[in-house]
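Shared chain: chain A. Partners: chain B in the first complex, chain C in the second.
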Partner chain A sequence: MKRLINLILLLLTVTALLILNAWLPRWLNPYINQIIIMAGINIILAVSLNLINGFTGQFSIGHAGFMAVGGYASAAFTYYLWKLHFKGAHAPGGMTGYAIFFAALLIAALSAAVMGFLVGVPSLRLRGDYLAIVTLGFGEIIVALINNIEVVGGSRGFTDIPFYTNFFWVYLVVVATVLMTRNLVQSAHGRALIAVREDEIAADAMGINTTRYKVLAFVIGSACAGVAGALQGHYNLSLHPSAFKFLKSVEVIIMVVLGGMGSITGSVLTAIFVTVLLELLRFPVWVACIFFALILATAILSRPRVPLIKEQLVPQILVCVGATLLLVFALAPIVHSALLQVAWFKAHWAPIGTRLIFVGIAAAAVLPMKRLDVWTRFLFKNFIYALVLTCVLLFARKWFNDNAAGFRMIIYSALLVILMLNRPQGLFGKAELSAATWRRLFKPLAR
Partner chain B sequence: MLEISRLDVYYGVIRALHSVSLHVGKGEIVTLIGANGAGKSTTLRTVSGLLRPLAGEILFEGEDITDMPPHRRVALGIVQVPEGRRVFPQMSVGENLDLGAYARKDKAGIKQDLERVFSLFPILAERRKQAAGTLSGGQQQMLAIGRALMARPRLLLMDEPSLGLAPLIVKDIFHVIAEIRKQGVTVLLVEQNAHMALSIADRGYVLETGRVTLSGPAKELMANEEVKKAYLGG
Partner chain C sequence: MAGSKCQPANLLTGLVFLADWLQQLTIGIVLGSVYALIALGYTMVYGVLRLINFAHGDVYMLGAFFGYFAANALRTAEHPSLWRAAAVFLIAMGLCALVGMTIERFAYRPLRQAPRLTALITAIGVSFLLEYGGQLVFGADPKSFPDVIETKPVVEWEYKGSFLIITNTQVVIVVVAFALMLLLRFIVLHTKIGKAMRAVAQDREAAALMGVNTDAVISFTFALGSALAAAGGILISLYQPSIDPLMGVLPGLKAFVAAVLGGIGNIPGAVLGGLLMGLAETFVIANTLWLPPILMRLGMAKESASGVDISNYADAIAFLILIVVLLVRPSGLLGSVQREKV
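Showing the complex of A and B:
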């Protein structure tokens, strides 16, 4: 019975993915479609790295290396199959194309898994920093090797890879990765993995073969990374060794840490969040909006633990008012210019709009001052960052609008700093968004 | 049951054990006593497989287990209660106990052992859903012992069960150790609290700087002038 339900669910998922696959390109423009694909690939990477770094507690910083192995192995397979066997101007499509790509994904998973095994067996006896150094070295070796293999393009990059990746394939792998990780973590094996993270010596003493479990997590994680590499290669139609350097691994680590080490939900949501954020930050108007939203969100997240101290009342209020004013001055014109893009607003409200928005934001900012302790403590904590960013926004707005692209990574990094300071355990910690969580959330409302 | 002969263990270049030999008979409580750094814990960790000896051999029921990895020794029935408790702090009490039975497949037996642990330590049944890290020190020690019992050990290796516990709780724990032996489990006990250890043990070994200097029935050791002077406070 349970098997039948699972089968039906699987069929439903596949059908839904196929329908979306056909309709999404018509509904949304190519740019947004590309972001959706990239988000999917990042989810695969983040969830699989979370299995290694979050659940098993090993610190791998070579995820991009495994991605490269899978990407190059599968691309070599499809490319040479096309050129040597099928020939013709276009790569084979239709059902043959689907079959070829499925085989390519398997090859990607297998090659990356084998590589994960080869790296894992000798190095997983190491702990913490030592393992990190080994995986770092491995990643660099892979890049150096690819740079020197001529049949896959060497340092010029592997181009002319057939186009196979679409929404269906990416999100099929996403669903598979998330389900597999979830089932693994909730099984008896998963408990053994978590025991290794919690206390390796105790796990050893309990009869858990710790090395085997570390290698297991490492191999599964690497296989998923390899598939992600294959999906990326057959989407961009090219692979370049420099794209798989250390920085790519760090990007994935950021997603995992930000989402919470040991939370699948966290990894999925932050992978989407980071992907979309990095795109939004290309538009100056959004930069300001995101910044403001984040400040409010972190203000809510950081709960008051320190009451207002009487002796410091005056400086606290001064800082509070000053920072609030700075924010208002910086934000009002930006929100105004954002609103001007809406035609209706432009026609009816533009003349008096600026002043109204000014008052509105001031009210919104002063409102939390009713809970002065929360607001003050928060601003104290983030004062420097708020000050620097508002100064940039305030004094260099015109210049900033022209050069926003250059500021993209700076603001992104500043956001990471603020988020980490306020939630060092990641957005989700070790919690998951499950049915039980929802029930718990709505329980007080029901009463 | 356990036969250790001429064991040499090194930490890097530092020699921790000098040709240590001892044996534990079935159903006995044998205790290793000695000062800090005498090699008591080292001996225990070598028996459980967390450390590898450079020379010597360990026989368990006639089988040579000197080079066996720790998880296979657990399967044979050699289970260690690690020093400093080492429960899995973010897992619940129930999950910790489940992990103790990790190497076993017999569901009925596991359930039976769970009841046995809960009857030995009723507080664990009460705190079953609570995260292990939030238990008190004594309760964590009980959990560590319970977790080891879930593996259905034949030889239980206990490393400093009294470490950092209040005297009353130490008394409780030792009472339970005697109880466990009554149920047919052999115990090898490492303890700094020599008086307590010798009072429940059948035999004892005294270790000094990695060598066995004295051994014999617990009562004799307790009466021994040297032991009295060095370890029993007069």
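Showing the complex of A and C:
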């Protein structure tokens, strides 16, 4: 019976994916479709790295290397199959195309898994930061080797890869990765992985073959990363070695840590969040909005651990009020200019809009003041970041607007630091997103 | 950069290219001593906090930029003198020490009790902040570092058609770097704050119980490491006078590798690791006979007029050495194996 339900669910998922695959390009513009695909690939990367870093506790910082192996192996397969066997002007499509791409994904997974095994074996001897540096080294060596292999384009990059990746394939792999990770973590093997993370010596003493489980995590995690690389290669139609350097690995680690080590839903959500955030930050008007929205959100979410001190109440209230005013005056014009981008707002609300926005932001800033201690602690904690950015926005708006592109990564990194300072365990910690999480989330406001 | 082309030389022909060999040795030691200076910052911070301070490479970049502004303000290019050069060094080192302490105060201190990976991500965030902030403030295009000392050769030697040239800049780099390392050794081994640093590195809680102000000691460690990185930044700018906001990324990574190679947390280890990295980068690439033919046969290297070009492998070989060393000695060359107690 259970097997039947699973089968029906699987069929439903595949049908839903196929329908969405057909309709999404018609509903949404190509740019948004591209972001959706990139988000899917990042989900695969983040969840698979979470298996290694979050659940098994092995510190790997070379995930992009595995991605490169999978991407290049599969791209070489499809490209040379097309050029040497089919020899058409276009790569074979239709059902043949689907079959070829399925085989390419398998090749990507296998080749990356072999690399994962090679890296996982040294983890028999190495621990913590030493393992991290070896994974980093493997990643860099892979990139250097690819740089020199002329068959796949060398340092010029591998171009002219056939186009196979679409919404269906990406999200099929996303579903497969998430389900596999979840089932693995909840099984006996998963408990062994978590035992290795919590205390390797104790796990060993309990009869768990720690080596085997560490290598297992590496192999599965890197296989998924390889598939992600294949998806990316057949979407962008080109692969470049420099795209798989240390920075890419860092991007994935950021998603994992931000979402919470050992939280699958956390990884999924932050992968989407980071992808969308980095795209939104390309538009100058959104840059400041996002920044302050997130500051406010973290202010509400971070919970106090220390009660207010009576003697310091007056200066704290003063700081609060001052900072709130600064925020309102810096933020209102920016929100206004962002909203002016929306035609409907411009037509109906433009004249009185500014005043409304002033009031709205003041209300949003006062809302967390209901819990004054939260707000104060938050402002003290992030005083320097808040001050610098508010000053920039208040006094150098023109300079800011002229250099908005330069601010993209600055805001991104500032956000990263602020989020980490306020939620050191990541947005979700080890918890999964469930009904209980929602209740907990809104508790500070309800009280 | 030297060592970009492979010379067909093995042990036998190596003697013929003796001058060439010595030239590679010089360049290796020059680069290595700068890597060692940066690696010291990594290793000291790791020692007291168990934190890989990824922003360290960018503090080195800031050091070079502070040196650039100081040298322009003091007009060292027009009036080169020892005092001005010293002033450039001191200003940059002082400013970087302040930057290091600020970073520690606002980005790392709130995370003392947090999981280690959180602090690591924060360090990466700070590193991005410095890199992209640097691009915004200083401009993304490379700047030419003004002359602080007049470059002239001190050794010129020809031996069977190959040359050995050592410039005074190279000598200054090595001398200043090693003088700073000796100073550091003195501070760590023979002063009160050095004793406190060692105590914090050994056991932070126990040190705090014994009356050591751990926050002050950690702050001092950051200041010391950042000042050394600043010195490294200026020294390398004397040698390769083109500076840009992303110049710290690769040397930072290599210095980190050097610190791990020597055994992270171990100060002599960082110096050894740094020198090895510098030598590996110039030497292994310049003087191997066995590697190019194999790579050629695999179709993974191109032949050019002056031999087989394997400069692309520079970083890969450095990492390969690292991996091999770590597989043989899992806690670095000089690192001690710590037994875990249950």
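The definition used in the following text is that the second predicted complex is superposed on the first by the 406 of 447 C-alpha atoms of A that agree within 3 Å, B and C clash if a C-alpha of one lies under 4 Å from a C-alpha of the other, contacts with A are read in each partner's own complex, and residues count from 1 in each chain.
As a working rule, a contact is a pair of C-beta atoms (placed from the backbone, for glycine too) under 8 Å apart; a residue touches a chain by one contact, two chains touch by 3 or more.
All values reported here derive from a predicted model rather than from experimental measurement.
Legend: residue contacts after superposition of the two complexes on their common chain; A:Ala202 is shown touching both chain B and chain C.
In the superposition on chain A, contact of A:Leu10 is made with neither chain B nor chain C.
Counted by residues of chain A touched, the larger count belongs to C, out of chain B and chain C. By the touch criterion defined above, A:Phe246 reaches chain C but does not reach chain B.
Using the contact criterion defined above for the overlaid structures, shared-chain residue A:Leu416 touches chain C, although it does not reach chain B. In the overlay built on the shared chain, the residue A:Ile194 is in contact with chain B alone; chain C does not reach it. By the touch criterion defined above, A:Glu150 reaches chain C but does not reach chain B.
In the superposition on chain A, A:Glu140 makes contact with chain C only, while chain B stays out of contact range.
Looking at the shared chain after the overlay, A:Met261 reaches chain C, while chain B stays out of its contact range. Residue overlap on chain A between its contacts with chain B in one complex and with chain C in the other: 201-202, 205. In the complex of the two chains, the chain C residues touching chain A come out as 46, 52, 106-107, 110-111, 113-115, 117-122, 124-129, 131-133, 135-136, 253, 256-257, 260, 264, 295, 299-302, 312-313, 315-316, 319-320, 322-323, 326-327, 330-332, 340, 342.
Listing the residues of chain A that touch chain B in their complex gives 188, 191-192, 194-195, 198-199, 201-209, 430. The residues of chain A lying in touch with chain C in their complex are 53, 59, 122, 125-127, 129-130, 132-134, 136-138, 140-141, 144-145, 147-151, 155, 201-202, 205, 246, 250, 253-254, 257-258, 261, 381, 384, 403, 406-410, 412-414, 416-417, 420-421, 424-426. Residues of chain B that touch chain A in their complex: 48-50, 69-71, 73-75, 79-82, 86-91, 95, 98-100, 102-103, 147-148, 151.
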